[in-house]
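There are structures below to look over.
Presented sequentially are two complexes of chain A, the first with chain B as partner and the second with chain C.
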Partner chain A sequence: MATQASRTAGRLMLSPAVILLLLWMIVPLGMTIYFSFLRFNLLMPGTEAFTGFENYSYFFTDPAFWPALVNTLVLVTGVLAITVGGGIALAVLLDQPMWGQGLVRVLVIAPFFVMPSVSALVWKNMLMNPVNGLFAALARGLGLPPIDFFADIPLASIIVIVAWQWLPFATLILFTAMQSLDREQMEAAEMDGAGPLWRFVHLTLPHLTRAMTVVVLIQTIFLLSVFAEILVTTNGGPGTASTTLTFLVYMQSMLQFDVGLGSAGGIVAVLLANIVAIFLMRMIGKNLEA
Partner chain B sequence: MAREISTGRKAVITTVAWAVALLIFFPILWTVLTSFKTEGEAVNSHPAFLFFDWTLENYHAVNERSDYLAHFWNSVVISLGSTLAGLIIAVPAAWAMAFVPGKHTKDLLMWMLSTKMLPAVGVLVPLYLLARDTGLLDTRTGLVIVLTMVNLPIIVWMLYTYFKEIPAEILEAARMDGATLSSEILYVLTPMAVPGIASTLLLNVILAWNESFWTLNLSAANAAPLTAFIASYSSPEGLFYAKLSAASTMAIAPILILGWFSQKQLVRGLTFGAVK
Partner chain C sequence: MGEIVLSQVRKSFGGTSVIQGIDLRIEDGEFVVFVGPSGCGKSTLLRLIAGLEDTTSGTIAIDGHDATSLPPAKRGLAMVFQSYALYPHMSVRKNIAFPLRMAGISAEEQERKVQAAAKVLNLAPYLDRKPSQLSGGQRQRVAIGRAIVREPSAFLFDEPLSNLDAALRVSMRQEISELHQSLKTTMIYVTHDQVEAMTMADKIVVLNAGRIEQVGSPLELYKTPANLFVASFIGSPKMNLVEGPEAAKHGAHTLGVRPEHIDIVAEGPWSGTVGICEHLGSDTFLKVHVEGLGALTVRAGGEVDLVHGAPIRLAPQPDKLHRFDGAGEALAKALA
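Entry: the complex of A and B
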């Protein structure tokens, strides 16, 4: 049993973390909310004034807003589809008996540890460059015209890069979940004459549902903030073809110095992320009870 | 009961798995190989895979640029500094929640997690202005502070899940045997907590090393870690493929090696215990 003294000590041990996180959350977020109601441009100091919801209406009517919102959703769903689909396939594959399984796993997981600016640069220059890239060399070898990835299909190219970085994460989580699959049930189903496809659909997939949900939610949180990959490859272009919400806010606040407008966009991004966060928190909270 | 698996089937699976794994690993392999080529060889329209004149000249060239080492050092200081600072704040907190849980411990944990869900771009402007006004913009101290706070919820959560696994009965037993509080902490708890703390440290160094939103937005010439330095290669130096590859290889090698040791912790740390 915890005594009164140990409870006081516990509170003392907790307080630095709690106070710091509280400040970390309230101060910047409060400032963002405040700025979002101001006319506030760093290039025009001294002209700050309260404008109500003007920044929000500018943000929503910005011609880049709808493309950015659509691009964000396409990027997130595209990467999720590739990583969850590929992750399940890889988890099933890695679960089979084979030689050198440890090494195979090490190779598959590696991309997750590559820093985003490096993977973006490597894909952009060495693989996807239309003149000197490896893909261009392969296309020439096959007698096909090389693709100018970042000019013709910028968003799809970024999706491929980001999916490559997150596939290991999905694979690792799903593979971990596979380990707790009931093998005896599997064997019993096999003895009863159930084919591999039936077993996959009726036993493996339901078992992985929870892990899939976790992968989707956690990746969504991170994918909403994808930044370096866009900055390094396309800078949001051509036009707005690969501008996401995060990148739009970055451009407005750091390149156009429009603090008010950028803050309004930031708040929109926070609200969007919260929708996902609520579902994720519920799942984690449930697990905490158990 | 192990199923009998025919050697033929196993051979097929092994072949497929290795092919897929090498395909996924290929961009990294290609980068490492290119780093040993000459610049001319690197942009050869008929790229050679293994049979070229291996050279170390790119590594010499990158290392001779004193700035590479400076940025490498920035990465080391920022990732280690923010992780250690995070541990100093988080160890007591996680300890208290695991061993002296109160009515609100669960709510507190969930709230800490919720701060992690805040998208970085939502607080970009105020943090940029705060850093600018306090003189912390483009300093290692500034980045250490920001990354400490960014990763603090993950550190607390990971430590909590590890500490939770230390059976409380052991403490009781030590107390029964007449152990004082300090010897209890030193001889009973610390040895049991060290593996968990080490795993947390490992994963967070990796996360901080690769963090690319704040390091790109809050640093310029002085404090830029490798994430920002490599991003600056995007043009026009990015056209020197072999040197870019050498710089990239050196930037990712330490973390790749650490990462391979931390696969299990990765699952635990990034799913907040939701998948075990």
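Entry: the complex of A and C
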């Protein structure tokens, strides 16, 4: 890409992809913004009219809005904490030489390949069901009353399910980073008198910060839009106990058929995602610089 | 104190035997160099002494105590690695202080020792930098600093200069030698570069295929190599080796003569033609094709003016000939 001609050619070659990606992003966003300023209910076709910020004021004053916002943030932070913590632990374990290493690694990655609705159903019906579930059977075996997970601790249950799905991703990224840790550094620390715990704190953890940043940033993007797990298990309930912003938008546009209100909620979710992204980049973005 | 005694040390990885029964005594304050071609086991031997690998059998005693099963940190040795192995997220100060911190030494004492080490190694201006902001030579000095502050009974160097450029290698070589002179601590130094071995060592240990070929001072190895391997490994350029009738004339299977022990004389017994001439300024290395002997390397003075294809007659210095038997072992010096 040295000459003027090759740079121009490069731009020309790239432009179809760039333009397609731009349209892909800008058209839905533009339409959502447009709908969010309309009174637009699917049950009353032909009555669309410009209403200004009315949809937004309805959305913000919706009794489910603040619980949904808090639930969203709790879900994201909860899953991040479990996956990063568990991911580091699993990465350390997988890094140990052991028999059947290859098979164990494949098994650890496996949950990532199960689609969200399926894994949520498996958790709901086979593990967390208060009558037929494995956990209930275990509890009864110990003489304890079985927990009705989705009625008593709905949000925590969803956090566990989502964390189970994302743990392989975090493990994979962190484990890969772990393998690039210089063995001589570890040996130097060993000679310097650092025990396993100190080596972990002073060498492994600092080495993993960049990978942890990647895990947090990528997972946040996807966790803000968790939907299938909620729909399949609790439907946002009981009450608003497991309603997130994403699910609230779904309820308003698809259950109440209010496209205008749903669009306003969607734009709020976009803003929230950007605020979270700015905070994250401020806090941990510097780890990504080489 | 830093006396290290290896007895019958063996190491095998799986079925492959890497170190095959080594007996070696390293005196306190000695600068010992392990030298040999790649894969000869010299780094493994160093790691066995450091405790980073377990011996398969045999014992390692440090200062008279059996250290064979001691963990690395308990052996009182410090190691400088080939890649320097600095901790990338810590400043130079923290890198050097790390072993002190692990030993639970007070902050003031740490700072005092770090400053002292920085002064010895000219690192004072860089104490707050990260390793990535340092040049190769500076990183090397930080690694040495981290070793010094522990005041170990012996230093272990694993090919510490191989990542440096040629000029820096020479100056670091001298710095390490000076460090040894001032600290008087035992140092074990691994290298594949026989020039480093010759210039730095009090005692060279030549290793080949997991065995010790010869132990001795640099000049001993140069003057009286015990076998063909040592003869061709020590000395640069390599010793010329001649087999056949010319060797038989001296009662040997192989005759060795170093390039610097061949004179260009008008009536020399060997006649040949000049091949490549390498002019170094101080010396000239000639590749001479000698009839019946093959190609010989000859060291001549810097002023020699010979061109490719010139006829030439050579004479080996008779008292500097090395004779080897069919198994490659050295025979007694040729009689003049």
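Keep in mind that, in the parts below, the second predicted complex is superposed on the first by the 259 of 290 C-alpha atoms of A that agree within 3 Å, B and C clash if a C-alpha of one lies under 4 Å from a C-alpha of the other, contacts with A are read in each partner's own complex, and residues count from 1 in each chain.
Just so it is clear, contacts are C-beta pairs under 8 Å (C-beta built on N, C-alpha and C of every residue); 3 or more make two chains touch, one makes a residue touch a chain.
What you see is a predicted model, and the numbers here were worked out from it, not measured in a lab.
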Are chain B and chain C a fit on chain A, or do they clash, once the structures share the same frame? fit
Arrangement angle, chain B at one end, chain C at the other, chain A at the vertex (C-alpha, nearest 10°): 80
Touched chain A residues, chain B compared with chain C: B
I'd like to know which partner A:Leu75 touches here: chain B for first, chain C for second, both or neither. neither
Should A:Val162 be classified as contacting the first partner (chain B), the second (chain C), both, or neither? neither
Tell me which partner A:Glu187 touches in the superposition: chain B (first), chain C (second), both or neither. both
Touching A:Met212 in the superposition: chain B (first), chain C (second), both, neither? neither
Using the touch definition from the top, say if A:Val84 reaches chain B (first), chain C (second), both or neither. neither
I'd like to know which partner A:Ala9 touches here: chain B for first, chain C for second, both or neither. first
Return first, second, both or neither, reflecting whether A:Trp198 touches chain B, chain C, both chains, or no partner chain. second
Rounded to the nearest Å, state the minimum C-alpha distance from chain B to chain C in the superposed three-chain model. 5
Show which residues of chain A both chain B and chain C reach, each in its own complex. 184, 187
Can you list the residues on chain C that touch chain A in the complex? 50-52, 71-73, 77-79, 81-83, 85-90, 98-99, 102-103, 146, 150
Per the touch rule, the chain B residues reaching chain A in their complex are 1, 3, 5, 10, 13-14, 16-18, 20-22, 24-25, 27-28, 30-31, 34, 43, 45-47, 89-90, 92-93, 95-97, 99-102, 106, 108-110, 112-130, 149, 152-153, 156, 206, 209-210, 212-213, 216-217, 226-228, 230-231, 233-234, 238-239, 241, 244-245, 248, 251-252, 255-256, 258-260, 263, 266-267, 270-276
Any idea which chain A residues touch chain B in the complex? 2, 6-7, 9-11, 13-14, 16-18, 20-21, 24-25, 27-29, 31-32, 35, 90, 93-94, 96-101, 103-127, 132, 134, 137, 140, 164, 167-169, 172-173, 176-177, 180, 184, 187, 210-211, 214, 218, 221, 224-225, 227-228, 231-233, 245-246, 249-250, 253-254, 259, 262-263, 265-267, 269-270, 272-274, 276-277, 280-281, 283-285, 287-288
Of all residues in chain A, which touch chain C in the complex? 182, 184-185, 187-194, 198, 202-203, 206-207
